[in-house]
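Two complexes come next, and they have one chain in common, chain A, joined by chain B in the first and chain C in the second.
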Partner chain A sequence: MIHSHIQSNGICVIRPDGDRLTALGANAFRQEASQLIDDGSNRIVIDLSEVRFVDSSGLGAIVGLLKKVGNRGEVVVCGLTDAVRQMFRVTRMERVFQIYPDAGAALAALDG
Partner chain B sequence: MPYKVVIADDDATQRIFASSVISRIGFTPVLASDGLEALQMIEASGASILVCDLDMPGIDGHEVTRRLRAADLGRYIHVVMLTSAGQAEQRRLALEAGVDDFMTKPLDAAVLTARIRAAARLVDHEQVLSEKNRALQLAKRRIEHDLNVAAAAQRRLLPNLAREIRGCRFGSAFEPSAYVSGDMFGYYQLSEDRLGFYAVDVAGHGIHAALLSVAIGHLVTAQYFADKAGAGSNQPDPAAMVGALNDRFYREDGTDYFTMFCGVLDQRSERLFFCQAGYPSPILARRDGRTEVVGDGGFPVGLLATADFQNGAIDLAAGETLILCSDGAIEAEAPDGAPFGEDRLRGLIAEHAHKDVEALPGAVVTALADWRGGRPLEDDLTVLALGRSTPA
Partner chain C sequence: MDSRGFHVECRLEAVDAAMGGVCAFVGDVLAPEGLIRLEIAVAEALNNVVLHGDLPAGAGIDMTVRKNAGDVDVDIRDPGRPVPPELFTAARDPADIDPLDESGRGISLIVAMSDALHYESRDGSNRLTLRFAGRDA
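So, the complex of A and B:
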């Protein structure tokens, strides 16, 4: 399950439910977030501030969204906790995603 | 479907009356004149319905019911108890003994007919359920058998768990979280002076991940490794092999990917050339007991079309050991949710590095099992250790 909020400027902030994004929930996360993209959102902030653990399936889901939006828009992440930051470092995802400290900073950057 | 109905009554008139009612609706009556005979008849006839008088010489209706419920007949016996008017307390005891339904004597043909038909409906239903259950059990046994065969096939694809190749000893542990694993590894001699090895961890686990890990296991043979990563006189290029795998497994519309660590050890120069593709950093145990973390990350394989892969190189001297663990190790969680983590893994390896490489993977597996507090691993685990022997 995800919590999503579409700002007045059309940017969509997505927050995964719970403190883990793993094989157990990654597919549902990807499908629900994909629906938002199908519904027209193409500037997306994935807020991971509540997530303390992302496994390889969770990472696959996040990258899946990036691939889906492609050149039509942007997918950025924010609020990386230590373990998640480490995961992004080992897989070089820090070179693939724009990373912001929190949702506010991400929104300001996307709107700028 | 017609049923056999056992009628237990010490009163011959009642028996014959009930018998004629039951025959009339197309069921087969089986007559018993006391409780013990009723029990024998149920077992011998295969009947699933019992019409039983409460008051009988020898064992009474309560006791017949209790013995039926305690017996393992492989089917449910629907018990209709005959009582006299005003035996309310007896009925309570009968329910506790396991009776399903009651009728008051004297018997009425219409009521008996209705009660027997109601019992027959329940027996029908129970038979349908038990048939389905049997089919499910059979399917479950077949699936488990297939999974066990698949698990054995996957293990056969792995190299020997421990082996020595030209002064380099390998030890390994391979622990699927359920039957088959999304992990795979291999090692082989590439040329006179060079050894190649790899470990992959497919995202996710279970059968879906295992299909891909086995495909990789079949593809990455010694020949493939030598062709792609270079076994000749040039500098080894494991990143080129990873790039070839990325080209092969990347799909625009897919979400499958894997992480990988592969290396070529040149025995002559004592250099290890490696490519880290999202796989956790291996730990290098030096001879003096210090440990180092190897590599600073790299893109996973099959995730991004444009990923570029890089080679790294370290010295690997005689007496030194390199240990690869899939992310199932550092991500293994204690009952309180704390992950095992890289620091603890490093400490563990430092503590056991003096051991043979054959024993080291087992020590990691044991430590993780302790950390998990006896709960099974949630992710597949692979530990691959390679140690360069000290010259004799």
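So, the complex of A and C:
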């Protein structure tokens, strides 16, 4: 359900599998990403550039990862496509997530 | 007026599959922003039925999508547990929900993303009608 890559600086980039992060796959996404946190990753970039649509369950899974990391690290998102950006906007997710245009910008910010 | 019917099995896989067909059908009527609003609202409504509707075994969801130059109406009918109407009438703005809440946004998004909403439940059948303004509205 996810593709993940841990950079040499320890930052973990997670890319959901497929172009929809919805109720169908949200739990699997959450479980697989949570395992990465349990394994020690606490600086995480969620790259949504290949995700065309996120519903409230997918959004809840992303929020759950943010809460799981808590003050031990940081979870940021990047690559929001139009529908995903609209979902983040109407739910005011910019209040809790740093949002970057792409993975490169997110990695640079977390490594800064 | 053009319309198309969709039968959606009571499975989350069927919801994702149906949304592709619905968006393709109305893509020539709605502006891109309106199409996104429709996809959010209708997907949330269908998910709500699948996850919380407690439909009888073998039952599904019937959806009729009507479009014209002015707007799109999506009519969703299911034989499951009714949604208490006050959940729609008293729905909060999604922007007012604690951003750290991991659930509980579905109904708010259905209300906020649609331009008009009507819900009724009678004789064992629930009917949710959502309207979305088209490009010419």
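Assume the second predicted complex is superposed on the first by the 112 of 112 C-alpha atoms of A that agree within 3 Å, B and C clash if a C-alpha of one lies under 4 Å from a C-alpha of the other, contacts with A are read in each partner's own complex, and residues count from 1 in each chain.
The working rule: a contact is a pair of C-beta atoms (placed from the backbone, for glycine too) under 8 Å apart; a residue touches a chain by one contact, two chains touch by 3 or more.
Note that the structure is predicted; figures quoted are calculated from it, not measured.
Participant: Once both complexes are superposed via chain A, do chain B and chain C end up clashing or fitting?
Facilitator: By the criteria stated at the top, chain C and chain B clash after superposition.
Participant: Considering only the touch criterion stated at the top, classify A:Q35 as touching first (chain B), second (chain C), both, or neither.
Facilitator: The answer is neither, since A:Q35 touches no partner chain.
Participant: Residues of chain A touched by chain B versus by chain C: which partner has the larger set?
Facilitator: For chain A, the partner with the higher number of touched residues is C.
Participant: If we overlay the two complexes on their shared chain A, which of chain B and chain C does A:G64 touch? Say first, second, both or neither.
Facilitator: both
Participant: By the touch definition at the top of the document, which applies to A:D82: first (chain B), second (chain C), both, or neither?
Facilitator: In the superposition, A:D82 contacts chain C only.
Participant: Tell me which stretch of chain B runs into chain C once the two are superposed: 38-46, 56-64, 218-226 or 272-280.
Facilitator: Looking at 38-46, 56-64, 218-226 or 272-280, the stretch of chain B that collides with chain C is 272-280.
Participant: Which chain A residues are contacted by chain C in one complex and by chain B in the other?
Facilitator: Common interface on chain A, chain B vs chain C: 23, 53, 55-57, 59-61, 63-64, 67, 83, 90-92, 96.
Participant: Using the touch definition up top, name the residues of chain B that touch chain A in the complex.
Facilitator: Contact set of chain B toward chain A: 201, 203-205, 252, 255-257, 259, 278-281, 296-300, 303-304, 307, 327, 331, 339, 379.
Participant: For the complex, give me every residue of chain A touching chain B.
Facilitator: 23, 30, 53, 55-57, 59-61, 63-64, 67, 83, 89-92, 96
Participant: Which bits of chain A are touching chain C when the two form their complex?
Facilitator: 20, 22-24, 53, 55-57, 59-61, 63-64, 66-67, 82-83, 86-87, 90-93, 95-96
Participant: Contact residues on chain C for chain A in the complex?
Facilitator: Counting only chain C, the residues touching chain A are 12-13, 15-16, 19, 32-33, 36-37, 39-40, 43-44, 47, 50-51, 94-95, 97, 99-103, 105-106, 109, 112-113.
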